[in-house]
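Multiple structures are listed underneath, in structure tokens.
Below are two complexes that have chain A in common, paired first with chain B and then with chain C.
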Partner chain A sequence: MEKQLSLPRLREEMTSGMLCAWLKEEGEPVEAGEPLYEIETDKVVNQIEATESGVLKKQLREEGDEIAPGEPVAVLETE
Partner chain B sequence: MIYMDSRSTDPYYNLAFEEYLFRSFPGEDLFLLWRNSPCMVVGSYQNICRETRPARLRRLGIPTLRRISGGGAVYHDLGNVNYSFITRQEGGTDYDRSLAPILAALNAIGVPARKRRTCDIAIGEEKISGSAQRAAGGRLLHHGTLLFDADLTALEEISVRGKGEHVQTKGTQSAICAVTNIRQHLEEDATVEDFCRQLLDNMVPDPSDRLELTAAQEAEVRRLAEEKYRSWEWTWGRTPAFTCKRSGTFAGKSIFIAYQAKKGIVSDARIESHAINGPLAASLLNGARLDPEGFAAICRELAGDQEEELLELLL
Partner chain C sequence: MERKPEWLRVRYNQEAVEEVARLMGELKLNTVCKEANCPNLGECYRKHTATFMILGSECTRNCRFCNVTAGHPLPPDPDEPENVAAAVKRLGLRHVVLTCPTRDDLPDGGAGQFAATLEAIRASCPGTTVETLISDMKLDTKALDTVIAARPEVLNHNVETVRELQKAVRPQADYQRSLAVLRYCKEKAPAMLTKTGFMVGLGETEEQIEALMDDVLAAGVDILTIGQYLQPSPQHYPLARYATPEDFARYKEKALSKGFRYVASAPLARSSYKAWEALEGVHDLH
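Take a look at the complex of A and B:
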């Protein structure tokens, strides 16, 4: 099953964050809890972990992109 | 709260020390105080070419390092005191929780400091401290600088004021602020060592809570310093993709320089100048790593004695 992963709201006042690193490549298996990508907002680099296990099917955004909370970032193929 | 003493002023070691503690001590709340010998430290996702002056830093012998937190480029020397809090992450990111204890300690030792903007500390209208964070695996790293007696002339000389517009890039931009040294604002003069001691006595009063790493842990830190913080891949390879385009004067003649760099590797290089062999420049630059020493060698080949002048334009 394909599942879209969206950027969580990391703080109340957050309007957007910058995608600063992908930590998994497309096609790589991901365990729940494993770090998937990094977002910088207000001088905080937040490592975002996968909420479930699967395979990273698609990176929807690239490094340097500004992303708003709730916007899709990745597609995960789950069992 | 446990204080960990790095006992080093080597910036590569100290950045590795902090990351090692952030990753390896999940159960403890830690406080660190550390100082670096002169260096430039950029944020996790910054373009070194836009945010620093690589040619000038090379000439001054000041190394550039990349840290794991966000935010902008910072100049460090032994007059700048760094503090870190490593704690459990609770709720969303929040600077006030980390700034409150350091502000209280500063005020207790007679520094008339107050919070300014989201994560700065100032005396009057001048900044004495900036901070940044990293959140991962349920842990929060908050660290900040404290300008106590830093060389503000050096800081001014290497600041990027008026530089960087020729670099088109994504990535985090640094803020340039008016700064001051804490030492100038003390009623009773103190050395940077006195200042650190007073801060520590305030933050971690019980000497039995002050620890050092074991020899085996220290070896791990040294390994991380070598493999990550001294590596080209981490420091330069992580520079966001960019395009550099600039016109200027070289050897009294006009010059136009253009190139791109992705993952730190140069492509589409072009130099147009009567004083430079253009095809040779393109062949030397294309495929080269963004790297002050490597670029200096290329400039030597292209410009001989005028290497420095060309390097200032190129990097």
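Take a look at the complex of A and C:
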């Protein structure tokens, strides 16, 4: 089953964050709890963990992109 | 925005964060983790720990480093002490940190709510230790006595920055007053552990940091926390520099050599981050 993953709202006033790095390539398996990508916000770089296991099917955004909370970032193929 | 150094990376798990946030929402509680936009929120919530911010989420002061909203806070919620105790029980916390926005509007600075919350935690979670991270309560000794009488295991009050930067960084506070709060509490209850913390990266010098250590040590402080200042937004006090993990190791060594009983010094060390480790660390020395 395909599941679209969106950027969580990392803090209440957050308007956007910068995608600094993908930590998984397309086609790579991902375990729940493993970091999938990095988002830089005002204070730190946040490594966003996958909340379920699967295969990273598609990276929807590129490194350097500014992303708003709720916007789709990736497609995960789950069982 | 300056790129973040590689040591300022934190993990974020949406499910874990939402679970703790839901509990806080149900019980109408605030956490300083959320209000201060703490970088460790993801890690702490994942471990089912949080620092409760009692007495509302709005502060009567407007410190330039702090993300907590300045405003006109509401009167204390009479249900809050019981609700905090309920959350402590549900999270299974063995050590609780209670903090507050500064409540200059309340005659007792919020001391009564601290005492009531401590009492509620004691009643429902007898084995749990409590740390109160208080404001300066305008050095009102009656208010401080109320907190001390509730017998927290640790009394924490942050000096936040070196003497020279106080006016610029926390204009409505005062370095000497903060030292006096720490000194008074230690003299009043010598067996109670006292704790303070400060940030680096605001433009302070090494000499000023050393002088701060000497000042708080002379005020009887047992536990010291040192962490990196992280600018919450472009409107907040400007960041001067990122100290390296090696800098923090040096500060720790320096502080321990001066005689503090426990020192937490790391880029992401915060006043309440892994606070139980400091308590256990001091007790291990006994």
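One rule holds for everything that comes next: the second predicted complex is superposed on the first by the 78 of 79 C-alpha atoms of A that agree within 3 Å, B and C clash if a C-alpha of one lies under 4 Å from a C-alpha of the other, contacts with A are read in each partner's own complex, and residues count from 1 in each chain.
We take it that a residue touches a chain if its C-beta (ideal position, glycine included) is under 8 Å from a C-beta of that chain, and two chains touch if they have at least 3 such contacts.
What you are looking at is a predicted structure, and each value in this text was computed from that prediction instead of being measured.
Quick check on the chain A-based superposition: chain B and chain C, clash or fit?
By the criteria stated at the top, chain C and chain B clash after superposition.
Quick one: is A:Thr51 in contact with chain B, with chain C, with both, or with neither? Answer first, second, both or neither.
It touches chain C, and chain B stays clear.
After superposition on the shared chain, which partner residues are touched by A:Lys43: those of chain B (first), chain C (second), both, or neither?
both
Of the partners chain B and chain C, which touch A:Ala21 in the superposed model: first, second, both, neither?
Only chain B is touched by A:Ala21; chain C is not.
Under the stated touch criterion, which partner chain does A:Glu63 make contact with: chain B (first), chain C (second), both, or neither?
In the superposition, A:Glu63 contacts chain B only.
Between chain B (first) and chain C (second), which does A:Leu10 come into contact with in this model arrangement: first, second, both, or neither?
both
Give the one stretch of chain C, out of 79-87, 115-123 or 259-267, that collides with chain B after superposing.
It is 259-267; the other listed stretches have no clashes.
Residues on chain A in contact with chain B in one complex and with chain C in the other?
10-12, 35, 38, 40, 42-47, 49
Which of the residues in chain A come into contact with chain C in the complex?
Contacts found on chain A: 8, 10-13, 33, 35, 38, 40, 42-49, 51.
What residues on chain B touch chain A, complex-wise?
43-45, 68-72, 92-95, 118-119, 131-137, 170-172, 238, 240-241
Show which residues of chain A lie in contact with chain B when the two form their complex.
Residues in contact with chain B: 9-12, 14, 18, 20-21, 35, 38, 40-47, 49, 63-65.
Where on chain C is chain A touching in the complex?
1, 3-4, 8-15, 17, 34, 37, 39, 42, 230-233, 268
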